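Quick one: the structure is below, and I'll ask about it shortly.
Chain IDs A, B, C and D follow the sequence of writing; residue 1 opens each chain.
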């Protein structure tokens, strides 16, 4: 795909934490060209660099983004040639705008517009599902008990006040446990034309905590398999997992979707969140659980794999399959 | 009990984190008088203030402790009138010294000495057991799944390097999960003269994490009861729990052994660890678990309730029952 | 002073960080009785417990405050018998309300009302001035260079986003350096009836940083004295300092206004901020400066001595002198 | 320079924090090939991967290092073909070993060996000197007052216990202030064959603090120039600074040695420490100082520019000038 033929894309909610991750990950993307940034109405018409402060450590605001004029967060405000709109909108406003966007997309489609809205799945459910998927396929999965230790970036920006979290752990994230439970069942479920989604026949129980880490959701899982498996078989299922993004060698697909570390104290949030440029999920500490079958620890980067990077990979998959 | 008749006590491992908590909690204790501090051999004979740096925020080294000469960490080095030796020794040296101490105590007993060694239970298992005990009594208890978020002080001093934990969560604490599992069964079990301890018929599965908090172990538990109970009954069991220390109004017993908070985001490590001067255990977020019966969150102060304060309360109980 | 004759007081800005400190410090105050809490208009008429979440670790919302109805943050909304209104308003709204309040107070005074508004000085300048005052008196003071390491609570609540400060230090606090420079000169200056304030003839240069501490502003100062003094004389000047609050034994006055610690690594934010219940200022590390005369480190609790506690002490001083 | 002709180099103190930075930065270095790792005697003969745990976030132990056998930290233990030994030894052991190494090097030189030992300058003085050098050249420099906010990695590993620094700032780093003062004068001074080093005629006063950041030393400086300069001239002096490493385009030289940021709140430790891959020093907040001429903030990465990266750049400079 030539640079001149890159697909024009937009980011909705471009000033937030996830919005900035989208911008960073789309810098020099081989297939997508960022042509529009949508944010709060009050910023409309001003250059992105004027309304947004870059907050990602270790990088600068890409110049190509800095000079883009901000448009309103309404699909009709996007340039007509935009084919993909990535949504980084916070949950509380996402519903309305995304529904609206879908409606617009529908209208445009009726006039021949092939645009799409790509939204994120829950940032805790995503790495959990990645760890579970090959086990579900190989051994069947009945129950999942998971306790999360989630990073502050998951709360967006300004998000969590520092006074709330320094020297603290908070065993509550509004609505998160329900999302982890329902989205895990949904993503491990099936989808059929005409029938829509069917949840996986799976019981999920989640407890979600906020801890003082910047990025990376660590999760302690305990699972019940449908048929028994040895630890070696489980680790092999993870290590041999080659889902489509890897098989298709999509630009954002890490070499290994899943990594299993054998050290007794890994994965750790700080040390493993950037594995595969933040796109791999890392597991470790697999051992028998006296109550369910096995317990283990998993870790995923919440604003990359669990949000912006995951959405971009989804878009790449759609493009490679001709869906967009 | 008059001040002049206070019971002479000693602290073994007096320079460490838990040792300092003992010293702080024994300052002005109505029943016990701290008369000896034992620490590493190399400090022998020097004043405590010379060999130890006070590390507890918000307090100063008690003057009475500062001037005490440090004795070797061997029971025979303790003054002969010491009736209770509180052990704050780290696990790796505790075994030998404590066994030795018990032997000495045995010998002294044979010559009529009524001295005792008081050791700590595991600092994560202790608050868990406190939360479970009234439920076990009222409804029976079959399974306990628990994931902990433990404070850095649990690793002692110097303990955890700051480079390991700042912006990190570590899903591993050596030996801790086994201890939580076995000590929980043991403490919820029974003891009979001649038979010793019998574990409770209970399955426990623990996952232990270290997070960047100073004090306070937060634990996410999921439990299976033997007979069903409503949330109201469970909360009532906690709130009506009046174990012996409360009934006897022991000096270190908090007014409420167990506190249940109704806010959706409590207990929090920072906000609740000092409840009851660090001696109460706080619960919250009781809700049905889709896999076991219920899930909830609990929190205990690891170096107070889970260590020094718990041991002092045990000593008070022994004294009040004439065992010491 | 009998409880029934306690002076009725109010807190303006009662839901914020400093507002809560006022409420905590006024709980059981021997002279003052908290009778009114003023906050944002939108909370008007509701009980304080309904509109405010208690955020101070280690304490609970006092029951007497919990049931008080919130009034609007306008002086005329306060009960007529309120004699002192403590302002905990953030700078950006304080100006207008406080000016308004002063006007109201003026009017009421004209009708015989003896009410007063007590506002805070800057929370970094306050401990600095306390450390400098005895040196200015004894040796004269010409220059002060100060670099601060300020706690996150200084930014109020929600204040500093956690994503901004975890694993970070920020060398900028809007307007703070100017305030430290001007308020230090003002507080070390003189006040004369009819002439108002005259700044001390002193050059102050401040650099202000935010660091990841909860409470306590640490300050590295370098000063030029007008006449030379030995380190012993300087330390003696601090240790012998007995300002009026101590001489009058005011309820909120700590035993020692100033503490000098001789350990090489003190004061430390965590270990010394609560000295004198947060009302003492701690100094340490006095040594010659190759550029000015001396350098040293000082520390004060920003929301207690530097804000709520300092204001209450000022009010006590006014009352004891018959000014209120 | 071809890969086969890369210069064989060794790292002394290879298991520590700075040692690991050396290993990371030497991975794929175009001129140097890491052939030996020296560490504590007790590790001698074992593979590096067996004795060292990799602690740098975001990277893995390079495979080429993992398999190297560890040799004793004595120069005669190094392979004979090693031309450069980078020392990452902690101060307390460095003196002896480095002196020994220098002696060995001397002996080898006498037999025709061209080996060299490269040691680090102080990690706080290095970025300070970089910021000051162009000002000294352009305007003359008389006085430097500096207060540092230093990262925990500066204390090595295990270094600072987490219990000492979480929610704390420590205004003391043993010996550091003297080093900053003397090394700054030395590095800004002159060296002449036969005469050795002559300190710059400069007064330096330093106050050093430890704060809870992982990497990056932030420094608040106030300076007195010999001749006046406008802010624009100072900033131009920084921006136009092209020292030899940049002119020679050395492999480790960042494009810009010095970066000046115009935002009011930069540099920040987290956001700017990785500028130029950790090799640039970032300045900001230049403004007049009421006491000396100017004040400003500077930031350098302590284990890269201030240690391993700086040493490698020095070695590159020596190689490019034919000194090694």
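One rule holds for everything that comes next: contacts are C-beta pairs under 8 Å (C-beta built on N, C-alpha and C of every residue); 3 or more make two chains touch, one makes a residue touch a chain.
Quick caveat: nothing in here was measured; it's all calculated off a predicted structure.
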item	value
Identity of the chain that, by mean CA position, is farthest from subunit D	B
Chain pair, A-B or A-C, that carries the greater number of C-beta contacts	A-B
Length of the line joining the C-alpha centres of subunit A and subunit C, rounded to whole Å	46
Geometric centre distance via CA averages, subunit B-subunit A, whole Å	41
Residues of subunit D engaged with two or more neighbouring chains	166-167, 212-214, 270-271
Subunit A residues within the subunit C interface of the complex	17, 55, 152-153, 157-167, 212-214
Of subunit D, residues touching subunit A in the complex	57-58, 166-167, 270-271, 274
Touch list for subunit B against partner subunit A, complex	143, 145, 147, 149, 167-172, 174, 181, 203-205, 207, 209, 211-214, 218, 220, 222, 264-271, 284-285, 289-292, 295, 297
